[in-house]
Amino acid sequence: MINKTVQNAEEAIKDIEDGMTLMLGGFGLCGIPENTINALVKKGVKELTCISNNAGVDDFGIGLMLQQRQVKKMIASYVGENAEFERQLLSGELEVELIPQGTLATRCMASGYGMPAIFTPAGVGTEVAEGKETRNFNGKEYLMEMAFESDFAIVKAWKGDTAGNLVYRATARNFNPVMAMAGKITIAEVEELVEPGELDPDQIHTPGIYIHRIFQGKNYEKRIEQRTVRQK
Amino acid sequence: MLDKNGIAKRIAKELKNGYYVNLGIGIPTLVANYIPKGLEVVLQSENGLLGMGPFPFDGEEDADLINAGKQTITTLPGSAIFDSAMSFGMIRSQKVDLTILGAMEVSENGDIANWKIPGKMVKGMGGAMDLVASAKNIIVAMQHVNKAGESKLLPECTLPLTGVRCIKKVVTELAVLDVLPEGGFRLLERAPGVTTEYIRSVTAGKLIIEGEIPEMQLD
Amino acid sequence: MINKTVQNAEEAIKDIEDGMTLMLGGFGLCGIPENTINALVKKGVKELTCISNNAGVDDFGIGLMLQQRQVKKMIASYVGENAEFERQLLSGELEVELIPQGTLATRCMASGYGMPAIFTPAGVGTEVAEGKETRNFNGKEYLMEMAFESDFAIVKAWKGDTAGNLVYRATARNFNPVMAMAGKITIAEVEELVEPGELDPDQIHTPGIYIHRIFQGKNYEKRIEQRTVRQK
Amino acid sequence: MLDKNGIAKRIAKELKNGYYVNLGIGIPTLVANYIPKGLEVVLQSENGLLGMGPFPFDGEEDADLINAGKQTITTLPGSAIFDSAMSFGMIRSQKVDLTILGAMEVSENGDIANWKIPGKMVKGMGGAMDLVASAKNIIVAMQHVNKAGESKLLPECTLPLTGVRCIKKVVTELAVLDVLPEGGFRLLERAPGVTTEYIRSVTAGKLIIEGEIPEMQLD
């Protein structure tokens, strides 16, 4: 098998440059590529366009990149829970494009599936439809939305093998598989990196063909945004 | 007049056996607490889960297992997990039988506004636009009037739309109303102690009252 | 969980009627719904339109339905290896529509993903493109192909639970997951039917929401079309 | 002049380390036997497998594990299995680096015909149209002339097309030829013992011969 292993996040992002477009997996703080985000903050690469469902919180996730003013434009479906984000947005430092969550996911998948555009009813009749082609199929209106590609897609999986095959855990899966397919270069960080043959071929969520670089991350914090419990 | 739990309780009576249901944030989430005994209903969370269980016991939270409101949750025997594209795939293909969500405004032709207030920080539509554009059956759970005392059931929405001609039913602290295909809110039930006159006074959109309007039965 | 269990193939197909459109999973003879096909043959339902990647062999799979003259139209990507098929085709008894394999798979998936149409370059400039809308994206031509829906989709999985969640084994997966999403009613037959909770939620290939009826099949023959081996 | 294995052997020299490769039925399948030592190449089978291994040992066949030619095969450590939609997804999105397939005809502008002969039973295109329309690099493995002795390298294909302007290279029992973007077959190599004159005599399409044409090196 082709070995996709790199040593660490620093090596994985060595050619990420100012002005690039990055996709980052995760939903809220769940399933985000913590190690790679930290490395991007350390590297200080700037003027980035980030495509991610959310923008983290002030002191975690993409919020850390916002604090360092590394993000020029954020493409997301929901950006609450982030005061610095709001400040930069209101001051005009940060550009934001909001996209329906399903449209975001499907535009990524379209890229991985080699489909230049998809049709979705989401946003028909709203400001999301402005400037977009609409089309009627079987009496229902749809928007044509274009596939999303990024210079780098950065995803986080639970386990991966050196051939790049990935397995996600619980709802930390979310956007990671669809973004993994949409990077010109895709970086995967995993909690546990194993040898080829240790993952069951039937149980792989993202086949290694979509992954260009993989490394085992460390010190995962896995912060919980809304700890909600019941009492025994 | 109902409290939030009352609204949730009333909406829970709309559930049918074998339904797959997507619950929005806020009052809709509370509906899960009132699923009638004996009904098998499966909750879909659009971040990628079918078969959402209750919140975990204290100390048993799993950071990898959250719902679309980012709350820690649990799975149930028979749950399935999938990615965001498949999640919205099953929403778009109308495999989800019922969507329950909150709203800022609903118009008499079924338009909904619930994501943006001009001049205020816009947080985004999340999955709401996908849900309202695709669902075959949508119930809105909301207060009848806003904090300024103005009706949220309008001839036309004044806020930027989330979706058009999609809402089938509205349940508020005062009433249950159908949104008719030809336009108009048809009053179906009054909350206990609430008069049709009062409902009329706080409903700005076309209100249709035919015959005697019964009080809600909550239990 | 919602219980989708039916007793057997006969009960699963009780409302399949003459003239309906059926999708049948499988690639060659691999991963085909053997029990349901046998029940359809026994029931003798006729004038069917069958959508399946292949048409079986003379005495197995969809070939059994062809022998009984139950199929009016076959929609497939490859129909070799079947003498009776060829006879019916040449005599005009059987109508055939040939579709590129990837287009077939993607049109099924489009249905399950609520996308009314998809774009693919497959068939551009060939007779497959006749009468179809073409569109240029980024300098490349694509055909617009419509989502496929069927009255019934019939799939075969390795394991399933009573809630309809399915797990496939090896390349017997093939078209089964995409067709499972495209039936107005989807029937799944499985080698082993288990209780909810016995399948890992992370490892389910087809979530139960797509499945309407499920039963445990019996006497799987699993015939091999091209037994190819090497010597020790 | 090469036999089938010779053609496969020559094509195997086109493989590069780290390539994902889809092999068609016939001569292309044989290429797997000649992957140069030390190269990591992963074979994709469009029925849903990455990392196709050798045929199983006698008695170890698994009916659930076949390739696109419906032959029993094996997996390798690091293999991954997926459904048909994802399989063609990765083909369409050009994640597969090289496609090798057979042909009935190739034209000097890179068109290919390999699925249908009018008047004969048509078995179908299988995955061929998807592969030729999407692959970034396609090599055709075929005989230089058909059974009637007619050239299969033509000015224009006479049979119904499988794909247009897509073939980059052709390897036959006689020669290795590039298909130029501006049209024409550029002769790159001769099979051992075959003259350029002979190749010219069996190539109906525009043949470009520049300078000395070397003999193939097969080992």
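Side notes on the structure shown:
Note that the chains take the letters A, B, C and D in the order they are written out, and that residue 1 is the start of every chain.
Definition applied: a residue touches a chain if its C-beta (ideal position, glycine included) is under 8 Å from a C-beta of that chain, and two chains touch if they have at least 3 such contacts.
Being a predicted model, the structure only gives us computed values, none of them experimental.
Common neighbours of chain C and chain D, by the contact definition above: A.
For this pair, chain B with chain C, the centres built from the Cα atoms lie 36 Å apart.
Chain B and chain D have Cα centroids lying 56 Å from one another.
Chain A and chain C have Cα centroids lying 33 Å from one another.
Counting partners per residue, chain A has 106, 113-115, 120-121, 169-170, 173, 201-202 as the residues that reach two or more other chains. Counting partner chains per residue, chain D has residues 49, 75, 81-82, 85, 88-89, 91-92, 134 touching two or more of them. If touching chains are joined by edges, the resulting network of the protein chains shown has some other shape, matching none of path, cycle, star or complete graph.
By the definition given earlier, chain contacts exist for A-B, A-C, A-D, B-C, C-D. Of all the residues in chain A, the ones that touch chain C in their complex are 106, 113-121, 137-138, 140, 142, 167-170, 173, 201-203. Residues 17-18, 20, 40, 42, 44, 49-51, 75-82, 85-86, 88-96, 134 of chain B are the ones that touch chain C when the two sit in their complex. Chain contact summary for the complex, chain A toward chain D: residues 1-3, 111-115, 161-163, 165, 181, 195-197, 201-202, 204, 207-210. Residues 45-49, 54-73, 75, 81-85, 87-89, 91-92, 111, 121-130, 133-134, 160-165 of chain B are the ones that touch chain A when the two sit in their complex. Those residues of chain A lying in contact with chain B across their complex are 27-31, 53, 76-80, 86, 89-90, 98, 100-106, 108-109, 120-128, 158, 169-178, 205, 222-232.
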